[in-house]
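Everything below concerns the one structure shown next.
When the chains are written out, they are named A, B, C and D in that same order, and each has its own residue count from 1.
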């Protein structure tokens, strides 16, 4: 039962920092597992590795020290103000394991893959890791200039020729698989939409999971849409506006990057209620909201004899707080899959994603059932 | 396969009228089954009786003709304006079968039971009914002056001595069972909380189901509370304000009558999330809302590392529109239970109720699973 | 005291129809002046013409008969269901006075002006009108391809050469002024932004007023923004989403047409609270909302010592119901201006508009004060 | 131009502490006057005393040191986390001037008055104060057992016999006037409703102002109600739910104490829109909200031809942050009134209060106009 390496792409971001601070706080007895799905009664504790066994490393295009980032998050109310001080030693220790990586465009895609493979192999070697898991927590990438996602190795090779057809998530996935690591995409990265990538995961005997962590508005959609469907209430329109501050807000206010997110956000309702529902989703950057997010949804539906009614929601959440415990859950569950020798798309993990790879099920309750059964198997 | 008698207590009210207009419209091909749960794919059509087989009758303390009531509801936007005209012949036919009944206090409880038994027996005889089902759609009753609900026949006899200890729902239940009818309580009537009543249902071989139809705010609670629980997000407070117009609003603005409703409204969250959640629920009469209802909910919860977040909901619905199709569902499903010879509390019907008799499950998804399995058995 | 001609551009639209049905209902004693500003105590009744003196005429690119349109609006809950029947004779009488006009592009701009002048002159002659007022209620037009609005007659002549530089509102304004009519723009039409147009109004001795009737979201902004300013609370962001059904929604979902509306919608907050407020405004077409509109606003502000707070609004209104009484108000007040011989921009009417011509005051209270003083002068 | 004594009743509470920390921060250049009305352009700076001239003293039934209270508020996000450290010397200096006072019931009312008079006189003497102003910031008191408020000195003497007829606000007012101090009631205290108290203020040549600071929900009512009135839109119902955490929430969840607050909360809408508006207001204690408050309002109104529409508001604010700068405003303005020798009810200060003493004007805009005129006179 050696250590488990968790390599975070976007390792200095808000989600990654919150996850690592939280894991350290759990280890130090300074926090509970509140927010972690795998800590609920449906998951047998003895099947899953303790968070203590995780060794964190990673890469980022930025260089803000983890301790500074943790202090910034505490100032913004994301972390309790005392917590960065409590875990400062652990953060300094991790600091040396977060590499500065090249931004897309600085080096050719193949060079970026090679560099990442070297980093992963050294990480595994230096810490004598029993398992290695790469989790993508980078900012939302722009959709690649594909007409169709690469279906075979030849198409994949062509995609690697140029950044316009090689999204950063593809670099991360191929590097992970090459280095013998499992890969989880918590972003709407395009890599896992490519049949060639799923085939390679199966061929290398490694599991992959994704895409786009389901933390707020889409989480609500995945519980409410089935309610309307099972009560036979016809949803006519589902309109949403998301106000985001800070870094992610600025990134997503750029229409090119927002395209990936908006596509995955629309999928849940269309899957659960059909294509006839009139959907609009906006993502706006509102800088003063900082690390917080406000999502408003207006749902218009018809009941018996056609009578029109409506539901409105306002969700006020902190994305890092919502995402970080799920990152730890995904690390634990992917470790379980590695232990069991599973490979290819981990469909039972659909519960965590807006656009689950290998699954057509978007309903919270049935996703949960599938996940719990798989975990307890 | 003879006809099935549906006897509605509160037969001239908004819910009863909407249900009967809707059933007639379905029969005439002037409406779809939108809003009916038993019309969704989870329910095998051949197990359940067609709505066409229902013969409606009932009782009410009021005397407003059904046609007038239907026109009033159309004017209020509850029914399409043309519909009362389409089904006028059916309403006139039913009119003769809705009896004026004594209000509580006008005659002693035992006299009220005897009168109702006579009405039910005549109804069965005159229409050669194969099955008989009583559904309570009366206004919310005040809680009875019980310290504990009657546990045996002796206690039941004592309760029948006086209206203060004999809620109207008890009259309806005992009359139904005496007349060989199944009994469904769509209101928060106290009768089905009495062990003596459930015992009598078993003894007479008749099924009963209830209490308090889950149509709006509590429906949302039963899907959202499990989401918080399974995501390990700690709900700290759940605050609700319900603005109701019209008749039901006035009845529920009376604190004595509201007590029953408030108790059943609080139960779902306490059951699903524990007693520690700080709950407040208000029911206000706002006459200008007419047949419409607006419910606002504020849910405060904590995530990973204790960070506080919130969700707000505004539900704008029409209670009659939401309730009426469920009344038809309950009639169909109770008919199935009668066909199968089931007796006592129909626990698989928990899905429909705020405070399900004989069940501790308040979660939408697991209730649905239990219901679909039972229906398909 | 002869009759007053009210010529409605977009005379078969929802707003125009509601205004004419309402005026007829007022005349018949079948409605009150609820919703009309000029019926409040601040306005001396003897200064203003009765609505009875109005003779309605107009033009439209569509041909749906007024009676049909009124019935459609009654079916959608905009008008009481009995009202179209009550005023049917008046609508049939007006019907003959609503001309089919060419859509932009069908004929050159100068030809369109000449045709409209002929229509107006005949309208005046046939009804021996003492005054003539043109009110633009057409759909929102696309912004013209101006770099700057025409500043003199030469620039105006150039603009008239081509529809790309001649917005429909310019045709209406120039025709009105040529025919000796006052002109009111209830839409965000570009004509009144042109100095050359205001100069011509002064030269011809005729008053003009506009632009873009302030009926819902912007009305709220014009009362709430001054509250924040006078309480010295710093608004950081004001985010809005408008869900519109029906015709106007489809028109405004087209980005080209929405541009005019979004620009005038943003002006109120920038004017009252400064350019630093981060603003976003969306207009979405949600067909199932029909004639109704839902606007959500999220306002983030800082108080003493920088503490962040927020206000959210949800406005659910019917634009035709909100706009129509203001159209009658504007007709009465413009008639007053004509009686007083006023010409050029009617700045005291800023109270009615999102982007008031000739005024920099966007605050509800001071606009009202200016209007009441002017009306009472 | 000597110093001005500001004596705070409830001097260790959240509002008082925030006001004193803020005044110290302003003096130290560590904060701006954001949130202070008297810092807006409508108020000539040279008419009003600088906050620097204020010497704070006061009384409280509690004994939590100011520095601790400030740290608690910083932890709750009410104050910037660094601020208590910045002003710690000033807080320690004030600490010695906040007396422990008897709670109602511990000593007879007349004894309480005498003790407070002695404290005030010593405060004035020791600091050679040029002016003295008492501001009541205590928790909401229960309504006194009056049938009518005391109309003359004899009635006042009777009221002083017993705490049931002598509300704490009466003790504070009479002590202030006896000691030659102006009196401002920021709570819904009953004292200023007594004609005998206003007469005594006039007789002693001292100004008084109140009651119940208008900081959130009622502030919104005072800008929105006039909008509906002036647009001739008929408000049918105005329903509100206020969720309060912390100390004030617990106090106001007690129906006896809430009575005062609910009465003053209802007055604004009734005054501005008439008694026909159906109003409900709830105040709920939701402990996890801490120092924060969430108010939801639902306003139903009718427009032209009777069409029903609605507006909903959600206000999320921090009462101490909203109230504290107004406390400093009131101190400055009352000082101005003392300088001018004004006595009795200070009606131009109606702008600040839910239930203004001596004024029937509840509309934000006209209140502001009256205040600015008076201040600039």
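Note that a residue touches a chain if its C-beta (ideal position, glycine included) is under 8 Å from a C-beta of that chain, and two chains touch if they have at least 3 such contacts.
On a predicted model such as this, the values are computed, not experimentally measured, just so you know.
Ranking A-D and A-B by contacting C-beta pairs places A-B first. Note on chain placement: the centre of subunit A and the centre of subunit C lie 48 Å apart, centres being C-alpha means.
Remark: subunit A and subunit B have CA centroids separated by 43 Å (rounded to whole angstrom).
Counting partners per residue, subunit C has 77, 310, 312, 314 as the residues that reach two or more other chains. If you sketch which chains touch which, every chain touches every other chain without exception.
Of all residues in subunit B, those touching subunit D in their complex are 236-237, 239, 241, 243, 278, 280, 282, 284, 286-289, 294, 296, 298, 300, 308, 310, 312, 314.
Contact residues of subunit A toward subunit D in the complex are 75, 77, 81, 314. On the side of subunit A, the complex with subunit B involves touching residues 18, 21-22, 25, 31, 33-37, 39-40, 42, 77-80, 83, 219-220, 223-224, 226-227, 229-234, 302-307, 309-318, 321-322, 324-325, 364-366, 368.
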